[in-house]
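Presented sequentially are two complexes of chain A, the first with chain B as partner and the second with chain C.
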Partner chain A sequence: MKKYLYIIKTQIIKSMTYEFNVYGNIVMQTIIMITSSYFWKALYRNQNSAAGVNAEDMLTYIIMSSVLSVLLITNVERRIEQSVGKGTVATDMMKPVNLFGVYFAEDIGSILALVFQNMLPILLIGSLLIKVPVMKDSGDLPLFLLSVLLSFLINWLIAALFGMIAFTAVNISALIQVKKHLIRLLSGSIIPIWFFPESVSKVLSALPFIYIYQLPLSIYIGRGSRAEHLAQLQIQFVWLLILAGVFVAVQRQVTRKVMVQGG
Partner chain B sequence: MKRTVFQELRHYLDVTAQVIRMAVLTVFEYPSNIAGWLISNPLQFIMGFAIIKFVVESFGEINGWNYGQLAVLYGISVISHALSMIFFVQGWFMGYFVIEGEFDRYLTRPLGVLYQFFFTNINIFGITDLIPGILVFVYGCMKCGLQITWFFVIQVIVMLIGATLIRGGIYILLGSTSFHTRSAVDFGQYTQEIMDKTTMYPISMYPEGMQFILTYLIPIGWVSFYPVSGLLGIENGVCNGFVVSFITLAVGVLVMLIAGAYFTAGLKKYESAGN
Partner chain C sequence: MIDVNHLSKDYLLKKKAPGLKGALKGLIHPQFEVIHAVRDLSFHIDEGEIVGFIGPNGAGKSTTIKMMSGILTPTEGSVRINGENITEHRKTVVRNIGVVFGQRSQLNWDLRLGETFELLKHIYEIDPIDYENTLEVMDGILGIRELIDKPVRQMSLGQRVKGDLTASMLHSPSVLFLDEPTIGLDVSSKFALRRFIKEINQIRKTTVILTTHDLGDIKELCERLIIINHGVMMEDGKLSQIVDRIAPYKTLVAEYYDEQAPEHEKCEMTFHEGNIAKYRFMKKDITAAELIADLSRQKEIKDVSIEEAGIDDIIKIAYGSGSIL
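Showing the complex of A and B:
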């Protein structure tokens, strides 16, 4: 455990040195927040509420979506691609730490740095320029935090699983983009799926993506009852277990493959 | 030996044809890679468009634009994006060329530097964006029940050339700042995000100050919003009618000329890599 804590610490220090990337993401999220806020304002011009959500709640939703997106930045898929592409993966695996544990610790380190470098500035900018995103019912806070934690883990596992494809395809830069768009559009990060037609939203509810953005954000803006939230949290947890299971199985598979090839 | 303008132009066209042939060949060198982009890029735009469809179905319309009209707007936006990706995407990476001293190679050759910079690096992958753009555009035209006449086709081609030049000019302008700042900042992602949000939806939904900037200062409004509203006869408060697509072309040429001048001025300051 101590080894991984060191990795987290090193990663935090590393993240502190690349300043431009940090400002870059703030600029990016600000653009997204501001333009989407006008987009929703234009849509809500003629009506007070749509799909049970009013304009104010929708603005809170998009600000919190930008804030949450900072926690959901992963680098594991690129790290796997690099390590496979350069051929260092065999030697990396011989080190006395779990390779994926290292990647996980690195991502945790980056995110801890980003909470201060990115998340708080974005929250501040959103509050100043759009509105203060107040939580609907502060009694839901524990539920919200729990669902954010689960959403972080689900998101990381999906990223890691995509990264594993590099073991067979080597170059996965196009696939990483596919994954980015899939998550962006199917998770409700830009537009919650309750605006989608019945059939589409049913299909999406059966996939793990909406548990990354939409569930925590729905809890935050208080859409749906507490009982509904609890039920969805359970499904979220089941998805986490399923993905973790797949991850462990795939990890075993690729490790064996590398061991065979690497001798 | 002094060549006439005509000969010079023919020489450039000759080189362009060769360069495009080479670019196509390099694409087929890595078939698995293009397969990936063939899935990734269209997926992005088709899903983006699906979202517009769903939102419009829930809300009726966006600022007086109905679903078919939004599809035409989205189509023009994506097609011009694709064309600018094919010919001008290098502008995003100009900073690296400046830092690494890559312009040395171009300066020694008997062709225009700006021409070489863009055309020896033609990005055929942009076609993967072009296809979904055309699909959505044609679909939108059908939804709007538009009459396809020769004049309509000419208007569309003219506005696309104009829109591509505006986008390309902006990339060159941003890229050329590297000559002065000596840093390799990749503006691509931000430019892309801003362009997406301002060309895929009607800019009339933004506050007036922002609309003013997008019309007169950074003419992104002319990429899709004004020409498409002119084409479909939607009131936009600035200018309407068939003339808009030709104004778009004029704006594009103007942006390109400014960008070219700024690039040339920057190149004079260029000192190659090292010291």
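Showing the complex of A and C:
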């Protein structure tokens, strides 16, 4: 465990010193927040509430969506792609640490650095330009934090599974981008799926993605009852278990392939 | 120390047919080609040895090194290090092993060298005193301390190799595998590397197994050579023994006063140009002194020298078809 804490620490130092591309995301999230705030304001001009949510709540939703997106930045896909490309996976696997544990710790480290470099600035900009995104019912805070934690893990596992495609010798750089935007779209991060046609929303409900953004954000803005939230948290947890199971199986397969085929 | 028993490795290679049609066909009905990279290698290495693995490109050297260091699972056979099977006890055996690949650095591109070392110190749970000791020793041999604050991505190849060597020694492995460590290095870096190998072998009794295409490395370092070709062991022994066995001849170079050069029935003239002639003779057939005496009886000799068969010759013979390293 101490090893992984040290990896997190090293990653924080590394992110603080070498990574300069943090402002790009602030600009990008600011643009997303502002354009969607105009979009929602226009939509709500003639009505107070839609699908049980009012305009104010929707603005909170989009700001928190951008804030949450920082926690959901993963680098594991690119890490896998690079180490497969450079051929260092096999030797990395020899070290007395779990390779994916290392990638996980690195992503945690990067995100901790981003909390200051990215998340707080985005929260500040959203608060100044749009509104202060206060939580509807602070009694829901524990549930919200729990669902964010599960959302983080689900998102990371999907990313790691995605990265493992790199082991089949496909160039995944372009796919990584597609996946990133697809998740934002399918997870209700920009438009909650309760605004989608029922058939589409049904399909999306059956997928894990809405548990990445929409569930924690719904809890935050207080859409739905606590009983509903608890039920959804259970489904979220089941998704986590399913993805973890798939991850372990695929990881075992991939490790064996590297050991037999030489990476 | 290291026991290699009937070690073999087959690679399955997906055959790729050309064109879109071929690609589709490959998806549905993948055709595999088996490459026998290493076939039935057996040998034993004692503690403190420096063993050179040589052979032409594609001979199976890297594959063997990877299996011996636990990176690759053998198709057949086993590798035991200190009695423990490396496939079965990978996690524990691997702590006792260091590996450096000349062509691919294992250093973290985004960190300073010292940060990479610190990270390894934690990953291998190295005692701080041992860690400092190793750095001290490495500084003495490679001058590593002046590189410690340098970001790895800004380092030259030679500096990175030094970094990789130090990184591989931090957890004080008793066996060090080096796959073409001198590739791309300039003369002075090569010397530093050879000094490194000799010193860790002397100071720490580290067993070193290296592959190289550099004859200088072999002459300087390896008491023992293992020559493989097409995945098969060709020779195993001391350089001088191998020379005696597969190239038990010397070459007499004689310079005459004109272009006429006499023949001798107990040797073969391998070269004759201008006033120079070369005679290859077996040590058992005739001595150099006798040959010179016989030749000078037929024709006056101006100058002579004797060439021992060396590593170049045994490599030509062992690799077959005169392929150069």
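Throughout what follows, the second predicted complex is superposed on the first by the 258 of 263 C-alpha atoms of A that agree within 3 Å, B and C clash if a C-alpha of one lies under 4 Å from a C-alpha of the other, contacts with A are read in each partner's own complex, and residues count from 1 in each chain.
Assume a contact is a pair of C-beta atoms (placed from the backbone, for glycine too) under 8 Å apart; a residue touches a chain by one contact, two chains touch by 3 or more.
Not measured: the values here are computed from a predicted model.
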For the three-chain model obtained by superposing on chain A, do chain B and chain C clash or fit? fit
Pick one for A:13: touches chain B only (first), chain C only (second), both, or neither. second
Contact-wise, after the overlay, does A:197 reach chain B, chain C, both or neither (first, second, both, neither)? first
In the overlay, answer first, second, both or neither for which of chain B and chain C A:250 touches. neither
Angle at chain A, chain B to chain C, CA centres, as a multiple of 10°? 90
With the two structures laid over each other on chain A, which partner does A:90 touch: chain B (first), chain C (second), both, or neither? second
Which touches a greater number of chain A residues, chain B or chain C? B
Regarding the shared-chain residue A:3, is it in contact with chain B (first), chain C (second), both, or neither? second
Considering only C-alpha atoms, give the closest distance between chain B and chain C in the superposition, rounded to the nearest Å. 8
Which part of chain A faces chain C closely enough to touch in the complex? 2-3, 6-7, 10, 13-14, 18, 86-88, 90-97, 259-262
Going by the contact rule set out above, which residues of chain B touch chain A in the complex? 32-33, 36-37, 39-41, 43-44, 47-48, 51, 54-55, 57-60, 62-63, 185, 189-190, 193-194, 197-198, 201, 205-207
Taking the touch rule as given, give the residues of chain C at its contact with chain A in the complex, in rising order. 11-12, 63, 66, 69-73, 91, 94-95, 97, 99, 101, 104, 106, 110-111, 115, 118-119, 122-125, 151
Write out the stretch or stretches of chain A touching chain B in their complex. 20, 24, 27-28, 31-32, 35-36, 38-39, 41-47, 50-51, 169, 171-175, 177-178, 181-182, 185-186, 190-191, 195-197, 200
